[in-house]
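Got a structure for you, written out below as structure tokens; questions coming shortly.
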Amino acid sequence: MIQALFLSPVFSPLFSPLFSVVSHGLGPVFSWIFWILFVAGVGWVFWRTIKGREVERRVIFLMMGLTVAGAVLTGIVLPVQETVVVRNIFDTIENLEEGDKVLLSLDYDPSGAPELQPMAIAVSQHCLEKKLKICYMTLWGTGGAMIADVITAIRPDFPELVYGEDYCNVGYRAGNEAVLKVIATDFRKTFPTDVSGIVLDSLPMMTGVTACPDFSYIVAIGSGRPGIKEWVEYVVEPSGALMGSGAAAVSAPQLYPYYPQQMNGMMGGSKGASEYEKMLRRGYPKYGEFRAQATEIMGPQTVAHVFLMLLIIFANISFFLAKKRKGASA
Amino acid sequence: MNRKVMIPIASIIVFIGFLLLKFDFEAVDSSQALWDAFIVTAGGFLTLMIFSFLYRDNPFYKFAEHLYVGVSAAYWMCVGFWSNIVQQAIPHLSPWLSEALDQPFLGYKWDYWIPIAFGLLLLTRLLPDSLKIGWLSKWTLAFIVASTAGLLMTANLKANFISQISSTMSLPLLPDWTGFGDFVSNFDLSYGGQFIKMLSNWVIVVGVISGLVYFFFSKEHTGWFGRVSRLGIWVLMVTFGASFGYTVMGRVSLLVGRLTFLFRDWAGIIS
Amino acid sequence: MKRQIPLALVFIFGWLMLALYFIPLEGAQKVNENMLDWTSIIGIFALALGIWSLITVNLDRIKHKKRDWQYSFITLFGLFGMIIFGLKFGGENSMFQGQESYMFRHFFNDILIPIYSTMFSLLAFFIASAAYRAFRARSALASILLIGAIIVMIRFFPFVAEYTRPVADWILNVPNLAAKRAIWMGVGLGIVATGLKVILGIERAYMGRD
Amino acid sequence: MTLQSRTSRNAFWPGFRLAVYGMMFGIVFSSSAVLSQEATAEVDNASTMLAPMLAPAAPGNVTVEDAPNDAGHAVIVTFSQSQAPADGQALVLGYEIYRSLARSGPWKKVGAVPSDVDVTASLIYKDAGGSDKSSDDYLPTETDLFYRVRAVTADSTLYSDSEVSAPAQAVGQWWNSGRNPVFFFVLFFTLLTLYFLRVAKQRGDSLYIRPLAGIDAVDEAIGRATEMGKPILYVLGLGTASDIATIASFTILGRVARKVAEYQTDVIVPCYDPIVFTIAQETVRTGYMDAGRPDAYRDDQVYFVTQAQFAYVAAVNGTILRDRPATNIYLGKFYAESLILAETGAIAGSIQIAGTDEIAQLPFFVVACDYTLIGEELYAASAYLGREPLLLGALKAQDYAKAVIVVLAILGVIMSGLGYEGFAKAFEAVG
């Protein structure tokens, strides 16, 4: 009922340009409670501000928690705006030919996963739709688990895939930059076998791959060091391989200077990932039914941003009011 | 019964309750099912314990903190011992030890004795003070600090310094300049436009120089010197603000990840 | 003796490592590469000292019943439990398979990773409270900080973003680069200066006195 | 007087702020109006050709030179491309490089280069072989090597080989001339430092350095801790002993420990890295000895926590909230934990002084701490605290080097502007 109210013709014009609400199990019931609390909380913070009192830290914590929790429960989906930086990656993969090989390096750990895993999944799905061959690798010891998660996530949708022919996983090798330095010219020197110890030569898809440039496209998804910067320095620059990247939001600004010379595209944080998901959904409508993880994150993120902006505005109002009062009393 | 006893007992009861709720009674492999239920339940509880820190320091947070410290210290010790000593050093030191530890012997390499010797010197600190040989451990410290200082000095110098200077120098201050008339008639505020390109390069050059001036220690920041250094700190501050603003997005997504885990996997409120 | 030998070690190894950077010969580069291995091996011995410190501090707490001494049991329990799971003996069928053992891997991945991610996600809360406290136009500098943050944060809003994104991108690319270069150059100089001070033996607080 | 100056500031800053906002929105709207939507490139894929029958022209002029500045396991192969295809000749897609230890073979394929659109251009391939004898790709040093280049086409049966090159050897060099700029700078800087050390020895601590708020705060903070009877928390960060920021932090820790011992307060140092932990123990002990109170030092002041980032943070957070230190000092390498630590410290009401050279973390320290040492200031701090002539001398050298850099940068920009690219190039370090 509540959900119906939310989506009713009376309310939907109010909300529809802003966000659409997807069904989320019990979520909507909770979400209304959360929204009311959110508005009440913001109002209270505003009231405190006008009164010229500081808001206690714990109230801010609570509000932040409520905001994000409410948004997660409601399942807000915001319109995503596409950018050329992400578009370039999508187009590069779209224009590759069947059978081309793509190297996907997942250099992050569970803390980076909320932002980066959706990119890895979306890019993998896109490659497999285009019938490209994917080789997974990682420079992080914790990346092995991430690769396994990606493969389990996409495997059910592509039951006909054969390991070694359509995709393979060479796993992790210790050595950080040293690994990259070597694979730029000699892939097998560092990766003589795949993750389970099968000799690379016995995997049909890896014949003809001697060095990184033998992959038609490299997508490096990473959240720190070693990561995209090292890929650019040790692989792209010396060997001229074609690369796109996916970066955590924190490190994205530092990597901007490499676009478009050293990498032809970059997905920055969940925003970039959700753009990719949107492009994927448009190109392959069947993905409309799947969970778009990054797009789900974008809603709560934006609401949290709104809240943060409100906080900053309140903080400044209270500051100016305090100054005025001080001036009046002096 | 006082609170000190009640709280742990109550928590254990709630924990077991959740465990039973999560346990899949129809599973074929019941030990696996128990483990799965345990993972989700424990993950949820530990998450809440850490979040409770936001309210204030409390026994639950202390519990999670102390557990985490102990387990992680041991984890890294095991991993480090295994990869650095067993897999790296021992195969070059002793065939007998490598066989005992299931490692292939890779031939003697005398240079691996150097770190072992320094490492043993370091352990002299554990000996009682009366033996008076604890000072030997300083040799190791001297070795490590000096060699890394020598090693990193040059590497950092190249990446952070020399290459930054040369790339600042080669910025054209008048990119694609084809005359003033052309500049005015093609006035354009987009990225490709000459105005923005020029402005950007000027900002970089002036920003770098004024930033360096800000880091001057031997001159008082007054007069024109002070004004330039003030410009430098402004450039730094605008950047800091921007980086802060940019980071918010990533941090919120981590929280979304945790809350999704709590709501979906642990509490099962959303599907 | 006690004083001279460490100083001599500093001098010799410092200049040696510095010189090796410029010599591309194979032997020289081998030493260069091995240095990192050596440090990590020495690190394990130091780790033994560290673990020893962790154990003694906690035992001491329990012994003298210092504040929160009960929790030291949990730390020690976790420490020794994990070390035992990390042991390797008893052949293929034993429970103790070192790092491959089920408990060792899963205890870390499945139990401790949640703590790890949750600690990390506390940042979302702290970022809000820090922003509330700090982003006030108190002074010219604070106002500039505020403006930078606002422009970039607006970047993520739908509708408004279209207009502000170019400016935000510009700030992230241009002044950002300038500031970073200035800091990098200063840091680069500071690193060389500190390195030199160490090698010349001016900076030796780390070595103790006697 | 102060009142007047304050009012004038008040009148000025809001106006300034307004102007900045105005300018900002001006730029926003005007630029967005001009910005067009992204252009989509159309790919022309209407190029199907008849299969040609003839092998392409052979590549020529294969010359081999030793690669400069290396350990002697690489050579550079230069060759001219095949001529443009005549009627019926297949299009060359790329060139494969073959190496042999004898003129007659056997040949081993070592790499490939895609062909260039401009067929008159020569192509270069750097054959960097392995240095390990057992490696499959071992390239022996100081041995005659022969090279041959093969032009390949889409059809694997259609190719043509070049003449075999004259023999060449890969030789190791004694000096990496690509790193000359680094060498000259180190030399210059060492001499500068030595000179100023001499000056400093003669003039003692009379060398002027401008005050640094964060450093002055350290002294105050120790005094405050003494008054309050509370400890000082010193966090060395997540750096290892091989991070110079950590080494710089040790020196400051030494000074802090000495002052703390003099004032008879406590310093707590939880450590992340075991080597750092050992060194920190030594440093603090020395500080206590220098202050003449070696007995006051206890081993549990400096302790090891764990090597996991967030477990360490959790423990330090606990310490901050339970021991309520009067002052928290964070100097060294910090990563994502910077804000967690700084905000927890703010909750506990401690005075906080931070400093790091991790640029990504500086914003958080600036926002959440009372004083922040930005980048180089961290490295300079030890000279400030001790005011020892030698350290001050080194700081002077740093400043003069900076002045030289600023002048060089301005000169370089002007020179590049005038078209003398060589000036900037001279500062580029290769390899």
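Of note:
Read from first to last, the chains carry the letters A, B, C and D; within each, the first residue is number 1.
FYI, a residue touches a chain if its C-beta (ideal position, glycine included) is under 8 Å from a C-beta of that chain, and two chains touch if they have at least 3 such contacts.
Keep in mind that what you see is a predicted model, and the values were worked out from it rather than measured.
No other pair of chains shares as many C-beta contacts as B-C. Relative to the C-alpha centre of subunit B, the farthest chain centre belongs to A.
Separation between the centroids of subunit B and subunit D, computed from CA atoms only, is 16 Å. The centroid of the Cα atoms in subunit B and the matching centroid in subunit C are 5 Å apart. Centre-to-centre separation between subunit A and subunit D, using Cα means, comes to 26 Å.
The residues of subunit A that reach two or more other chains are 57, 61, 64-65, 68, 111, 250, 253-254, 271, 301, 304-305, 308, listed in rising order.
Residues of subunit C in contact with two or more other chains: 18, 21-22, 39, 42-43, 46-51, 54, 68, 112, 115-117, 119-120, 122-125, 127, 129, 131, 133, 135, 137, 140, 145-147, 149-151, 153, 156, 162, 166, 172-173, 176-177, 180, 183-187, 189, 191-192, 194-196, 198, 206-208, 210.
Within subunit B, contacts with two or more other chains are made by residues 50-51, 53-54, 62, 64-65, 68-73, 75-76, 80, 122, 125, 138, 141, 144-145, 148-149, 151-154, 156-157, 161, 165, 168, 190-191, 196, 205, 208-209, 212, 215, 236-237, 239-244, 246-249, 252, 254-255, 257. Under the stated contact rule, the graph of chain-to-chain touches is complete, every pair of chains being in contact. Taken in their complex, subunit C has these residues touching subunit A: 109, 113, 116-117, 120, 124-125, 127-129, 131-133, 135-138, 146, 149-150, 153-154, 156-158, 161-162, 169, 172-173, 176-177, 180.
Only residues 24-27, 30, 58, 61, 64-65, 68-69, 71-73, 75, 111, 113-115, 174, 248-250, 252-253, 269-271, 296-297, 300-301, 304-305, 308 of subunit A touch subunit B when the two sit together in their complex.
Every residue of subunit A that touches subunit C in the complex is listed here, in rising order: 18, 55, 57, 60-61, 63-65, 68, 78-79, 81, 110-111, 145, 253-254, 256-257, 271, 301-302, 304-309, 311-312, 314-316, 319-320. Across the interface of their complex, subunit C is touched by residues 13, 16-17, 20-21, 24, 27-29, 31-32, 35, 69-73, 131, 141, 172-176, 179, 182-183, 185-186, 189-190, 193, 197, 240-242, 244, 247-248, 250-251, 253-255, 271, 273-275, 277-279, 282-283, 285-287, 289-290, 299-300, 303-311, 313-314, 322, 336, 339-340, 342-344, 346, 357, 359, 362, 364, 366-368, 374-376, 378-380, 382, 390-391, 394-395, 397-398, 401-402, 405 of subunit D.
Taken together, the subunit D residues at the contact with subunit B in this complex read 27, 30-31, 34-36, 179, 181-182, 185-186, 207-210, 212, 241-244, 247, 275, 278-279, 282, 304-308, 310-312, 314-315, 317-318, 321-322, 360, 362-364, 366-367, 374-377, 380, 395-396, 398-399, 402-403, 405-406, 408-410, 412-413, 415-417, 421, 423-425, 427-429.
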